[in-house]
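I've put the structures underneath this note.
You will see two complexes here that share chain A, one where it goes with chain B and one where it goes with chain C.
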Partner chain A sequence: MKLRHSIPIILVVLYGVVPLLLQHNNYIMSILVASLTIAGIALAWSLLGNLGGMVSFGHAAFFGVGSYTSAILTMKMGVPVFPAILFGGIGAAIASIAVLPALRLAGPYFALAILAYANIFRILATEFTSLTGGAGGLLGIPLFPELFGFNFGSKLGSYLIITSIVLIFAVIYRMIRTSYHGFALLAMIEGEDSTRVVGVNSTFLKAMMLFLSAFMTGIIGAFNAHYINFLEPDYAFSGVWTMIPIVAAIFGGYRTLTGPIIGAIVVYTVDQLIFKALIPSGHQIILGALLTLMILFAPDGLIPLFSKKLSWARRVKENRSPQTGHIC
Partner chain B sequence: MLTLNNITVQFGGLIALKGVTFTIRDEEVLGLVGPNGAGKTTLFNVISGLTRPTGGEAIFNKINILNSPMHKRARVGIGRTFQIPQPLQELTVRQNLQVAQRFGTGKVNQDKIEEILNFLHLEDKADRDAVSSLSLSELKALEVGKALATEPQLLLLDEVLAGLETASKRAFMKTLSELNSKYRISILIIEHDIETISNMCPRVCVLNYGQIIADGTPKEVFSDPEVIKSYTGGAHD
Partner chain C sequence: MSALILQSLYSGLLTGGYYALIALGLALVFSTVKIINLAHGEMVLLAAYMAYVMENSFATNPVVAMPLALVIASLIAVIIYFLISRIKKHRELNSLILTYGIGIILTNAILITWSADIHSTSNEAMQKPITIGPFSSMTSELIFLGVSMLMVAALWWWLTRSWYGRAVRAVSSNRDAAKLMGINPQNTELVAFIVAGILASFAGVALYCTGVIQPSLGTALTTKAFIITVLAGIGSIPGVLIGSVLIGVAESLTVTLYSSAIQELTGMVLFLLVLFVLPNGLFGQTRRRG
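Take a look at the complex of A and B:
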């Protein structure tokens, strides 16, 4: 079944079945919200990696800037939560301008440069005490408000918000991926000169992907700030916000649209519900081993692996059918 | 159309082009020949924006283009092919042309895409993956197609016939000879095969050690003693 045919089913499951069955189970809802938070970052990271051709080790910077921007706007300037989340994304996109000089770098050099930027932002958040609360952080960040009689600050409300954000990101990703700009971006990864010679401004397109990826990550950071209603630099700019989404995207298949989302949900829920129960302390070791196996045996990720198996099974079935008919 | 004045390119201690000066007129087909390492592809790189020259100027339609980035030169009407075909990866043949047209001209005209596909005999392969399903001659045709899709006024063809076996070469040559009359564009073509160049180009420039050593009709140029010397290796004896 093609993805577009599954969309109504996916929507019914996400907005109907899951809330109906799980809304009273706070633990599961927390895991779902956390896994979708990672899915959002994983999708933003994949957009930059798949379409921009850049591997980033610094998305924690955009996550942190987005979360602080939204928190400060709501706490110190009285901006309502939902517009503040949007500004969180814009703040992260503006912060990514600082990364623009690194676009000239390729491969590991870009990855290292952006990692350094993440640390710079963490230090800034720690030192700007008057604005960010310094190392002590910000307490009492406003929760999501009640709108139309529905409390978006509840676990269910937060789940619905993050689900909607991730779905919107997926739609944006797909629209870009299937546009001429997306075609050019994909082609650029293998040979930039071959695109520039037909008029593609590759530097501009890469910069746009960086801004968009930063914007998306900032939105997720801002969402998270209002979800947990507490921030400190070591948490908001933690390398975890970079590493776990990368693991999830690679696990699911970062070159596909659904790979990073499914990868994040599978990786995080399996880790929290199964591996944590088996090894309460240091359960991430299984995740590490799994990722190593994936890279060795299915480097394209889980989704392409399933697609290949599925098309293989279909071919086998098609080859068998006429024979069976003949025998009968 | 395009005038090169005193173009010089130096890579460290190596002078790749030294004071190259010539003009290509509207709708002219000009052949560029010379021994290996003469600087022909470097000259194409300078015109298309891949290599920044050390000195000189390149006037295209009355504008000095040397400070324009590569993508802007494509948009003002300079199209080029690469010696080793560089199809846009992960795209079909048609998508390759669409991307080239979209970014080269700012719009997509499906009729023109079909026309290019038919002209280059790629219509049967239009919806196949460009990298995995094309033969070398088809890849070379796609390379020309991408450049044509940008609607160039000047087309730089870098050894488009190299590596093709005789039958494909002959068929592709026929297509190339129709390019100029059909699209009414100027063509600067690098080719090693003297017979091909003589048949296609009313005018030929010979480059040797980064300098133009002859400019004229094929007959004049290929009977020039200095040109013969450059090909037999005696130019710098």
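Take a look at the complex of A and C:
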């Protein structure tokens, strides 16, 4: 309910206030775009983690496949940029078919199997020199085109594109979570066997979540390829694309919708502006420490922690049911 | 050509020896405490950097670093266990993320302390070529194959014959019943972690003596150790040695017959194949999963 009321404000801020105030500050804009890129992956990661009940350490694989698919389609086959981004997502979803057998395996096995997949894709991208340019990478990937008299290739254009992508993802995520299938998926985490008994095709639903998560990550990867116009295997399949989204999602709370997005913006911005200045090489040590501390002291993330505190405070203020106050 | 293949089989065997050292600690913790320590590779790497420090600063044989490596790796293992035991819910998945975070911390701590340069030993005694019949290798590789076999035997003896080893197995098969028999499960699991740290320190010194080290190697080591653990099957210590040799031979044959770039790919494809066809591994106990 509360979220619904604040939607117009969020839209005005994202599409009106931020571009108007910051569009001439290239540095801030590029940090915003990068943090929203991370937010997109974090959202896709927590979709798989929350609804699919699977922790993935290999989302870099989908990110890389998406970026390469889109880059190759635009460069070698002349596909326009926007459809190519969509195909990037589809490519990543197809790549995730290779991970399907891992769904049979329990939690830790899946997490590690997908880590191995990410490495396989990186090696393939390095070795298929004719298609991917090998270790030298791809240079001069087309920028976003000019459409309706607006140049989407600019910083502002890229910001608008990634904001829209992340918002659409959030809407899709929310629609699934509130649907019948989302209910079944959430029940499945509590007890997979008992949900199967009442007729939920759990493997199918999990596979769908994997496809969707890979598709989303692929789209983000494709966006990033056209945004920075350059790709090389070690960059596209870098562990950073797995690590920062995980830290962001855990930080914000991966079981919530807003948690991964806010977490990504906060974590990435603070990392770039403060940690990087403090420790130029190895600043991710703070992200590692953050992840460790979050798991130990607030495994549900900060957003649920805050909303719990808020609702508790409100209840105390209204003095309606003081008994339930300290149960939370 | 056949001589070349024989030589690559031989070097695969030697590589397998030191892979086994890397994998043993992870396999031990995974099969007894039921936790995948994603920071295991970083523990090994840290021990390797101890060997580098000793050689570089005090101009000694890297093997002299062994006591220091033992202390550091065991200390890290104790810290990891202490942190894991504080997890309140969803221990299995949260411990994965927790050790992943510790891995990030260690990787970056290594990066900050020793920068991103690549290091390898310059000790002549270690690098001296040694020829047995038609096969040749570095002295260090042969030494650490021996160490590795010794470790497998010692670990097997410890788990099956010693009181603490049996306690570790008892806790892993039934925690509550073990408690009733007067075993303190926390202490036992801590011991398993310390033993894993000891194994990691041997692996680290072996790594520095036979290969090259760099800060980002940790994840690759963890992945390799996990691949071998799965290949061996959970709970099979001799299986780890056989699985490591299998991976080592497969990799070195790939290098000889195709190219060194896809060396890593062979191990992973083998791993995925085993995972899907024989989820219990080659030598694991048959157990229903999922």
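Here is the rule we use: the second predicted complex is superposed on the first by the 316 of 328 C-alpha atoms of A that agree within 3 Å, B and C clash if a C-alpha of one lies under 4 Å from a C-alpha of the other, contacts with A are read in each partner's own complex, and residues count from 1 in each chain.
Everything below uses one rule, namely that contacts are C-beta pairs under 8 Å (C-beta built on N, C-alpha and C of every residue); 3 or more make two chains touch, one makes a residue touch a chain.
Since we're looking at a predicted model, the values are computed, not measured.
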On chain A, do chain B and chain C fit together or clash when superposed?
fit
Anyone got the angle at chain A's C-alpha centre between chain B and chain C, nearest 10 degrees?
80
After superposition on the shared chain, which partner residues are touched by A:S194: those of chain B (first), chain C (second), both, or neither?
first
May I ask you to decide whether A:L186 touches chain B, chain C, both, or neither, giving the answer as first, second, both or neither?
first
Return first, second, both or neither, reflecting whether A:M243 touches chain B, chain C, both chains, or no partner chain.
second
Contacts for A:L156 in the overlay, against chain B (first) and chain C (second): which applies, first, second, both or neither?
neither
Should A:P101 be classified as contacting the first partner (chain B), the second (chain C), both, or neither?
second
Partner chain in contact with A:A125 - chain B first, chain C second, else both or neither:
neither
By the touch definition at the top of the document, which applies to A:A113: first (chain B), second (chain C), both, or neither?
second
Does chain B (first) or chain C (second) touch A:T292, or do both, or does neither?
second
Chain A residues touched - chain C or chain B, whichever exceeds
C
For A:S202, select first, second, both or neither according to whether it touches chain B, chain C, the two together, or no partner.
first
In Å, how small is the closest CA gap from chain B to chain C once the two complexes are overlaid?
10
If you lay the two complexes on top of each other, which residues of chain A touch chain B in one and chain C in the other?
none
Chain A-facing residues of chain C, complex
36, 38, 83, 86-90, 92-94, 96-98, 100-109, 111-112, 115-116, 219, 223, 226-227, 230, 261-262, 264-265, 268-269, 271-272, 275-276, 279, 289-290
Write out the stretch or stretches of chain B touching chain A in their complex.
48-50, 69-72, 74-75, 79-80, 82, 86-91, 95, 98-100, 102-105, 108, 146-147, 149-150
Contacting residues of chain A [partner chain C, same complex]:
55, 57, 101-102, 104-109, 111-113, 115-117, 119-120, 123-124, 126-127, 239, 243, 246-247, 250, 279, 281-285, 287-292, 295-296, 299
Write out the stretch or stretches of chain A touching chain B in their complex.
180, 183-184, 186-187, 189-191, 193-202
